[in-house]
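Below you will find the structure I want to go over with you.
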């Protein structure tokens, strides 16, 4: 099994969920109010809450290897355009 | 070292912590207000907050291999009965 | 690529971010309001909110292997003094 | 309120509109509209929790104060007793109806939800009565707290007695104790009963303590209710999709059941000699479906049941139905059946 | 208010101090100070959201009630029309100025932000008028809602027509529909318009509903605004660092632009015969820069633009400038130009 | 309030009950009960933070307004000076007592906590005085802010001078500057002092600004305090378990120390000629133990100390003791010692 971690702006969450669903993944989990720093600067929750931009979200998807492939293919352009990062690692179901 | 990620409904958190403690794990961490989708449908935080069912929690346990075994043995029936997912991966202490 | 997970008290977050920045990591993400249990006892969010101590944070850093080395070297004394845990695992960019 | 009524029909419509055109109900519609139009309006957690804690504390406290003033009369006991009775009987006949289409687990869970009641519906009815300046006994809030538990217990018994499924591998037996604990000590019931007791105690000390807190419980009440109903509109509308999947049987059940339960309640109220306002509260208590304490308890007792069924019917359909159509409708019937005093 | 004015100069200073020394503005300073001194004071999420939802609901509702009372007069239509016009014109000349130094993307995004307006600045100006007991038309709140959309649309058109960059690999075309959806249905605009409509409807039913909600919308207003401005002080001060990086051109733009826009607005107001209070609201609407709806829409339309530029200028500089210097200054000019009635 | 007192004993009991049977204290009990019975009642974060921000802002503002009205008299300076003195002296003798059983680190941390004070206890005492309609000087709120810092500084000095432990590998030296920063700029102290200064400034401008904010700071105060004490009941009760582990020595310390400190304070107050109400506030300031600013600073200065010790004693025992037994008890002693004026 694979585990995909995606971190990007909350604004793009709906778009990301669309990509996850169309990849055939059996599920996903979302943590909100994530702050951080990356290529596009610092994200702090307070200021963005007021501006309506929202903070980041951290989305985790556990899925089989082939689905990971689909997911990554669709994910890349999203991350390139809007920013954010995603990484894949190995895991085993209990 | 192993890392166990468990995601299930907040309602079952106390039961899960009981299982973790009895497995001999040296600790755990809990993130609340996790939303997501899985075999039992979509979990959104707003509606569940009102119904008193709570959203999901994401629990992480770092522990030695043998303890993982104990943990997984007890975890399986919990997940089967109440829903939720759990995965194990490798890691190293810093 | 490596993934470093650090969990410690929110009070030490600024210090940790200092360490991450000086290690040369390209970014990091922070989840707040993490509760849990470890060598220093149980951390519940409610009581600490009032005492001003804050709950825990979970910080994730994705970075290249050599940077992980820097990071871990600086992280260890921090964790020894103030408590908290950190683990390293492997991952691939999408 | 006009003294000369040109025709009953006209007045009835006015009454219906009078509830719909109050700020709380209009903001409920606004919430529904936001979801239907795809606006990103949301009341982020834990703000809805703040509102519901406030509302429970306020109605509990006010009810306790009034209970102390009116004393524990026979009327009080009868009103509360009738509510507990209805909370035990409604699940039984609901179960029989539901079993014609659904399995034991889902039938029991939905039946329990309809046996208990909806705090927000009750509060909306109460604020409607205040706007109309129709007197009522605010001790009925005690019934609001006491209806959760019997419904949960009956739901539990139905499952225990009637479900013969072989235990699934790994299934964990949930003790009756744990369920009763949930039934009596879940946060909503606990806060309501606690605030009621505190209102009672404080009122016994004299008017100072009551007055000081009333600035908080009275003045803000309508505004917080308005905000809360805005959120409930968002929540209910998000459930509409799931409702479609529930099918016509459940949709019919969610609309007809409150009518049946309210009719029974109005009959009982008339027999017991309740005044009009109190009768409306009683009808609303019986017509409502719980989406707070009962679902939590059912999730524990009957994980086999599908939460989206028992939550969606109550929250997505019965709740809006009671708020919009039910409250003014029941009051019209009550005005026809029970003489004003 | 004193009748005998010793000297115009003295009075003007008093007026300026009168705004600065109100609790909301002083708490704004306290927030700025907290960041500058490194205090860990913060208003954790989602509390600022609670305050802003409350303020939008309250001004929307109050505006709707007043609109119903005053009726949809020519004055109302002209005031709202002028606001929409300014929201379309300001981005055009702002864009021309910004293009001398910045690329198309950033110029369009910043221009759109200055075309729209700042709700908090508007609310602070309104509460300033209340303290001075200067009459104003509260229907201007409708303009507050209606200025977001034209600015967003103009910003979008500017990018579509003038950006000839080759599409980046993987770039996703955002439909005009999605942007318009964001422009008209984002939560702030939606809640404001919805509350306005509800205020209008409730006021038509008579005074009862209005009075019941006014306990909530009136009594708490000033306190919630105070809390919100404390938070805005924290937020604005955290943006100061980024501003330094923005360079002198943008800093100058962020201070001069509100002066230009307010001057134009005061001229228009004088031509249209607005009363003094309403003219101030109109000037403030034009002088403000949006950091709520526009940034969200721009992030969607022009991800190429740097959010820290358009948010920092509006939030870190134009907003405090308007609150502290702008509001009393514009009012002085208005008092010189428009006769009191 | 009755004029004819049948017997002193009776009155005393009545006084004690009068505090216990106020809504805030009763809701504190309800919170404790919820934890003991295992109810899942909780006030989710960040709502307690909202309540405490509000309470600090409100008492700071009110205190500032009163300070402006009464002027900076000798009485004010003496009252504040005595508080700062006590905050420096209490940690010294507390440390000596604690060192008989605990190491330097834990002794210093607990001593510092008892040198400082508990804002909620102070607020509860103030609201008790309001119910009794006993006059008091609300400038004592300045002392509330100023007692945190000396206690932290003394705690820091004790560790620096008396702890000779070899530095642990990897230990990081925390600068005195960082600790002083924490002592003077932590969010509670900062907000309190800031609100005090703003109250002072606004009151100088005349009554309008004060009146507008008082709708918010006065009317809601009692209700928010009630909610906050409900939460404090939950929090304190959760600490009870840890207390058991702390052992009888610390339990005795947590109950006897407030009595000793309050006695000293009442003696001083009598010497200084404070009026009864002010003397109660002073006694409560000295009797309280900080669980807000001091723990945060101690965690930074002395990570070797066990936070559960210094938080649990203050929050789990001294705080409830002061609220329930202390406040009415101190007032009785004061009434015996200081003549009413």
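Letters A, B, C, D, E and F name the chains as they come in the text, with residue numbers starting at 1 for each one.
Here is the rule we use: a residue touches a chain if its C-beta (ideal position, glycine included) is under 8 Å from a C-beta of that chain, and two chains touch if they have at least 3 such contacts.
Just so we're clear, the structure is a prediction, and the values are computed from it rather than from any experiment.
Engineer: What chains do chain C and chain F have as common neighbours?
Structural biologist: none
Engineer: Among the chains here, which has the CA centroid at the largest distance from chain A's centroid?
Structural biologist: Centroid comparison gives F as the farthest chain from chain A.
Engineer: Please compute the C-alpha centroid of chain A, do the same for chain D, then give the distance between them in whole Å.
Structural biologist: Chain centroid spacing, chain A to chain D, equals 39 Å.
Engineer: Please work out the Cα centroid separation of chain A and chain E, and write it as a whole number of Å.
Structural biologist: Centre separation, chain A to chain E: 33 Å.
Engineer: If you average the Cα atoms of chain A and of chain F to get two centres, how far apart are those centres in Å?
Structural biologist: So the centre of chain A lies 45 Å away from the centre of chain F.
Engineer: Residue numbers in chain C touching 2 or more other chains?
Structural biologist: 31, 33, 76, 89-90
Engineer: Chain E: which residues touch two or more other chains?
Structural biologist: 42-46, 49-50, 186-187, 219-220
Engineer: Which two-chain combinations qualify as touching?
Structural biologist: Pairs satisfying the touch definition: A-B, A-C, A-E, B-C, B-D, C-F, D-E, D-F, E-F.
Engineer: Under the stated contact criterion, what part of chain F meets chain D in this complex?
Structural biologist: For chain F paired with chain D, touching residues are 17-18, 21-23, 26-27, 30, 33-34, 37-47, 50, 131, 219-220, 222-224, 226-227, 230.
Engineer: Report the residues of chain B in contact with chain A in the complex, numbered from low to high.
Structural biologist: Against chain A, chain B makes touches at 4-5, 7, 31, 33-39, 56, 58, 71-72, 75-76, 79, 85-90.
Engineer: Help me check something: in the complex, which residues belonging to chain E touch chain A?
Structural biologist: 42-46, 48-49, 52, 168-172, 186-188, 231-232, 234-235, 238-239, 291-293, 295-296, 299-300, 303, 307-308, 311, 315
Engineer: Please name which positions on chain B make contact with chain D in the complex.
Structural biologist: Residue positions touching the partner: 9, 11, 33, 41, 44-47, 49-53, 55, 76-78, 80-83.
Engineer: Tell me, which parts of chain F touch chain E in their complex?
Structural biologist: My answer: residues 45-46, 49-50, 53-54, 57, 61, 181, 185-187, 190-191, 194-195, 198, 201-202, 205, 208-209, 212-213, 215-217, 219-220.
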